[in-house]
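Take a look at the structures listed below.
Two complexes, one shared chain (chain A), two partners (chain B, chain C).
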Partner chain A sequence: MKNAAQNAISATSGVLRTLGMTFMHSFRKRDTIMYPEEQPYLPPRYRGRIVLTRDPDGAERCVACNLCSVACPVDCISVVKTEDETGRWYPESFRINFSRCIYCGFCEEACPTYAIQLTPDFEMGEFDRQQMVYEKSDLLISGVGKRPGYNFYRVAGMAVGGKDKGAAENEAEPIDIKTLLP
Partner chain B sequence: MIFGLSEHDIISIGLTAIRTLVILLGSVLVAAMMIWVERRLLGLWQDRYGPNRVGPFGLLQVVADMIKIFFKEDWIPPFADKAVFVVAPAIIMLTSMLAFAVIPFTPTWTVVNLNVGILFLLAMSSLGVYSVIFAGWASDNKYALLGAMRTAAQMISYEVFMGLSLLGVVLLAGSFNLGVIVESQRGMWNVIPQFPAFVIFFLAGCAEIHRAPFDLPEAEQELTSGYHTEYSGMKFGMFFVGEYLGIVLISCLVTTLFFGGWLGPWLPGFVWFALKAGFFMCFFILLRAATVRPRYDQLMAFGWKVLLPIAIINVAITGAIVVAQS
Partner chain C sequence: MATITIDGNQYDVDDTENLLAVALSKGYDLPYFCWHPELHSVGACRQCAVKQYRNDEDEKGMIVMACMTPCSDGGRFEIADKEAAEMRSQVIEWLMINHPHDCPVCEEGGECHLQDMTLMTGHTQRRYRGPKRTHRNQDLGPFISHEMNRCIACYRCVRFYRDYADGDDLRALGSHNNVYFGRDSDGALDNEFSGNLVEVCPTGVFTDKTLGAHYNRKWDMQNAPGICTHCSLGCNTSPGSRQGMLKRIQNRFHGEINHYFLCDRGRFGAGFVNRDDRPRQPLVRNADGILEPRAMDVMRDTMESVFAEAKGVVGVGSPRASLEDNYALRHLVGAKQFSNGMSAPDAAASRAALAVLENHSGQLATLREIEECDAVLILGEDVTQTAPRVALSLRQSARNKHHEMAAANKIPKWHARAVRDIGQTHNSPIFSATTHATRLDDIVVEPYRARPNAIAALGFAVANALDATAPAAVEPLDQDAQAFVDAIAATLKGAKKPLIIAGTSLGDPSILAAAGNAMRALRTANSEARLFVTFNEANSLGLAMMEDRDVDTAFAAIEDGTADTLVVMQNCLYERAPKARVDAAIKKAKNVIVMDHSLTRTVGEAATHVLPAGSFAEADGTLINNEGRAQRFFQVFIPDAPMQEGWRWAQDLAEVAGHKPDWIGMDDLIAAIVADMPQFAGIQDAAPSQSFRKFGMRFPRSPHRYSGRTALYANVDVRERRPEVDPDSALSYSMEGYQGVATPPALMSYAWAPGWDSNQAAITRFQDEVGGHLKGGDPGVRILRVAAGHSAFADATIHPVAGWQAVPIHAIFGSESQSARSAAIVERMPAAEYRVNPAAAKSLKLTAGDTLELAIDGETHAFPIAIDPSLPDQTVGVPVGMHGVCGLRLPVEIKP
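Moving on, here comes the complex of A and B:
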């Protein structure tokens, strides 16, 4: 009997307490952001619309290695390679189908040259599905994105137009393995 | 003289017809607005906004939803029992709207002044069970049937305490007539001498219109949505509005039976009635925002083991006091 009374009291007060606590929420600040009048703050590393960046010299960073395309879980990147006369690789076409992209950022992680980057912009709605396919001209921006100062060929040991082996930053002269001299 | 009616009769019939229409439309309109009020208030209590885009304060959201629901495909499953399936949603609307007939909004604004008003109300709310059972049965769907079964058990059990809790009020007023009951509260609102009855009636009313926390019949998480799983379009809309009509009805009843209906100082009667009823409608929403759904056996045990004894004791004590006083 005593137990039952205790139970009844604790149950009743529990319900009344939750009612009161819920009611007190009337005076709290609301969490909703009134988009689009009020824009939400998106951190710089937010994964939104994908761009192709350029190196500090203004050349395209992408070397058409297709690593992003391979890493993409939904196979929405299509890259076609081409070369300039010095042997440097370029993408002839670079196409991302944003109606399939899941904004996972794997492409950004896979890219050896920091060319492909995700940006804090998500307002990409379209009425026509075909409009969601972005070509290279839509993707390429004229800045360095999140990686200022990085130029792949300046640090890579590859011989490419105007730069020989051993000429990159922090790179030693190549060793001639066929000679006996020190 | 037309059809043996004097001019006076015709005018009074016309007035009653107009009054009926106003009350009917008014109650359905309030029920529809309740959908918006509920969404806004739930939003408030969950630290968000709720619908606020269509029209001022999102008020026209209801209109937009109504237009949408009218143009939706009204699909009847091929395996359903067609006639019963169609009738079911009409029943709940009908019984809820009929119940409004006996509620005295002000001393003069009531459709019929029945001597057995309370019995009529209880009868109407019991008939509402048919709607749910028909819907669940005709849908030929196990979730719908389970939901309907739960509803039947829940509504029939809670009907008992609902009736019993009202007996105290009836004893105090000495009448089943709702108008007389309101008048009997001139000195003191019934909620004070009949507090246990008020609590029981409120809980039973909550269970009767299967509102949260007693919304087991349509527990979305376990039964998809219970008895109206197979319903779509305006038939679903009728269940939906019927449910909100139920909230309005129970709030009006609590006001009438326990909180002195239209009685109150300074303001006109109807304003008092609306204020009190509105308060309880909001309280129903707060209840939904705050409480969790009990298990089915807990619901039954609570009803039969707790509410029933309290209701009976309340009737016995009230009866003894009334007899002693007379």
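Moving on, here comes the complex of A and C:
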């Protein structure tokens, strides 16, 4: 009997306390902002609109390796690889179907070149779903995004676009197969 | 048998095997590089380290290389041992020190054995920051790309190329830390099996250049179980595609045929599927002689009136089309109006070959079995050019002697280096009689050269030497030749497993009769004796079994006016009869309806109506390979064009012609074939039926991580397409369905197993034992009847030609009409030339390079002369199937 009464009192006070706390919020500073007149602050690592960045030399960073597309849980990225005349891989086409994208950021995590990056821009609403399909021209920006400095081809061993064998970072001169010297 | 313990589990294992092979067979994930089920062990990479304990008391154990450790009875091994695992991860780390940061731009990525092994050992972070060794690459020709930086120096490439395929121009160059795997200088790799480097090399050093030109990752490809259509052997392939484009051909393991290796014609010859000039919609020739496109329904009406007005229809089938396509055409035109589409000599030779096969159907070697034969006689076939994969098997059979010598010294078969050292140049004997020097001559005992009829005479003489009751050739051989014959007979008699090889490429039925006699003589004494017969095209044997009438009967029907409409199924008339005859028939015929997938000369010049039929990549079908094995190939992708299977076209035409067949899908059609033609009983079992399911599921064409599905066609319409449903097979056009080891082998579109992404390593999980046979049986059914008792000897009739004779010179790259339309193959096609020996050149008053104009079988070509001392006198070697020469009508008499 005693327990029942105690329970009733503590439950009621709990409810009243919550109501009170909620009521007190009316006197606090508002978190809601008058979007879109007022824009929220979103940290750089917020996962919104996806872009393709360029390397510090201004060339396309994406090498069309297809790791983003295979990592994508909703399969909304399609990349078609091609090569320029120097053997540099780049995407002939790069398409993201944003009407399927769940902004999980797996593609960014998978990307070995820092090409694909999610940005804090989330204003992507469209009336026509077809407009949610972005091609490379819609995705490619002119900057390096969150990763200044990194250029995949300066690290990779392939000879491309003026970079010869042995000219990448931490590479020795190509071996001379004719030498017998130790 | 031996009992060994691995990680505490006891197994009864084959004691002639090494520990690595056994561990893999038992399902252990044990990393390796230099070992390969066909190349065996050399212990070079140090990757397969395990702990071996001396006895039950031994607690310390020692690290050994699993691939170099015999499975002796009582052996106790630990794979999971901490020290061994550490060693394996350190070995990888050391191999990776110089490895470039290339995976994203490496064609191997996603099916890279090195990636797999790196992950398997747990070496996931690079610690080394020092400078990396680099290399310059070479241009290795149209088939293969070279990126030497990625090499881990496992030596697999040279062990395959030099030690297995007997190639010479790829070698390990340089020394110590500078080893380099390449050629002396840039240039196309010379060996006919170079494409296998793509799969043998565990890294991205050697990659498929034709794939690189329109690259996709393995996980993004839609595949299907394929059968190579570029010769009669029927090697199993796994063609990969994406978005309606054929990307590559990969090997599909078959324990009785190709096992791990294909030839370069098969691997790089499928480019014709992607050609722009293919007919991709129904076409009708207008008054100006131009082919105009027609909509499907319009074409239907057109065809209706064509058949209504036709006064007699004849059908020309094709030895390069499936049984289904041919049978549907036969139904359309009626059995009596159907011809097998082969040229008269080819048909005669194929019939003779079929007769020999049937007489000895219990004795037919599989391609794999050739490797076990210890004495071989080749009659007439230049196998490297006509049935290339045979040459690779023969090269292994030559090494039986090495294994014999090794066994006598108690050296196990897997100890590759020791077996080689002990064998040196002691080969098992291979005798070969051909019209000219061949690429196999390096392993042939005294190559014998003669004209086709003399080769037949030699064969008859061998039969006679083996068994005196066999008829000898009419004219006695000269003394030297008789001595040679006696030597051959003695060797074959003394062999444990002798083999006779013959084929139809010389177009001479008597060679096949001679092979049959030799076989008949051999098998009475030795039940292990084997016969292997090759044909000219992928379904030549099937067509020989289906129909006796050859293409000439179709021409005769047009010529004598009994028919005015010619229906051609995937065939080029100009390849089958003299140009003059074809031209006359076409002129006389009112309509020439051609169902084909390529712009052949018949489509381009002769057809009045063209119906675009699917190639092997756009159709299902059954082919009968050279040993009478019915094998099913499946559609790889659905073309984005109004095309359909040849048999569907024939079915539609039969409907408008007023005799609609009662079969609808593939199963029905196959059942109809079997019911109608009992000789094909069994083909229904070549693959599970279209309604077969596992746990209610179909079998996927694509790997489970097929990507981009919701974006691929989003530019056209953002709403996803419905996955296509396959009405003809149990496969699905997606990654959905049952994936696992219980997939019926005939429905395995690609090989993948958890942790094993590369084709050659993943397949292990689907084999009864590593390198053995597929679990559930190697696909296909041998359908030849086993003849009761021994047949009689055939008469030793030959038809000697007194004067000049033109003989066919086949080429792996060029002589087969479909692959000859593929860009990479075209680059490797030999130059157009007539070959004669010096004496012949002298009597013609010509020297090398001079142009010779020659009328062969009603067709004149002018080619430069090349001197080939290996050819017999008064013999002109003619390139066949290329440069406008239609080859399957040789040999013939000529008057230069």
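The working rule: the second predicted complex is superposed on the first by the 148 of 182 C-alpha atoms of A that agree within 3 Å, B and C clash if a C-alpha of one lies under 4 Å from a C-alpha of the other, contacts with A are read in each partner's own complex, and residues count from 1 in each chain.
Assume a contact is a pair of C-beta atoms (placed from the backbone, for glycine too) under 8 Å apart; a residue touches a chain by one contact, two chains touch by 3 or more.
Predicted model only: the values in this text are computed from it and were never measured.
*Asks:* Counting only touches as set out at the top, which of chain B and chain C does A:21 meet: first, second, both, neither?
*Replies:* After superposing on A, A:21 lies in contact with chain B but is clear of chain C.
*Asks:* Could you tell me if A:180 is touching chain B, chain C, both of them or neither one (first, second, both, neither)?
*Replies:* Only chain C is touched by A:180; chain B is not.
*Asks:* If you stack the two complexes on chain A, which partner ends up touching A:76: first (chain B), second (chain C), both, or neither?
*Replies:* In the superposed model, A:76 contacts chain C only, not chain B.
*Asks:* Give the label of whichever partner, chain B or chain C, reaches more residues of chain A.
*Replies:* Higher number of touched chain A residues: C.
*Asks:* Would you check which partner chain A:126 touches, where first means chain B only, second means chain C only, and both and neither mean what they say?
*Replies:* Neither partner.
*Asks:* For A:84, is the partner it touches chain B (first), chain C (second), both, or none of the two (neither)?
*Replies:* In the superposed model, A:84 contacts neither chain B nor chain C.
*Asks:* Given the touch rule stated above, what does A:109 touch, chain B (first), chain C (second), both, or neither?
*Replies:* A:109 contacts neither chain B nor chain C.
*Asks:* For the complex, which residues does chain A have touching chain C?
*Replies:* Touching chain C: residues 63, 65-67, 69-70, 72, 74-79, 81, 83, 89, 95-97, 99-100, 112-113, 129-130, 132-133, 135, 152, 155-159, 165-166, 168, 170-180, 182 of chain A.
*Asks:* Which residues of chain A touch chain B once you look at their complex with the stated criterion?
*Replies:* 8, 15, 18-19, 21-23, 25-26, 28-32, 34
*Asks:* How about chain C: which of its residues touch chain A in the complex?
*Replies:* For chain C paired with chain A, touching residues are 100-105, 109-110, 129-137, 147, 149-150, 173-178, 180, 212, 215-217, 219-220, 705-712, 714-715, 717-719.
*Asks:* With touch defined as at the start, can you tell me which chain B residues reach chain A in the complex?
*Replies:* 43-49, 286-287, 289-291, 306
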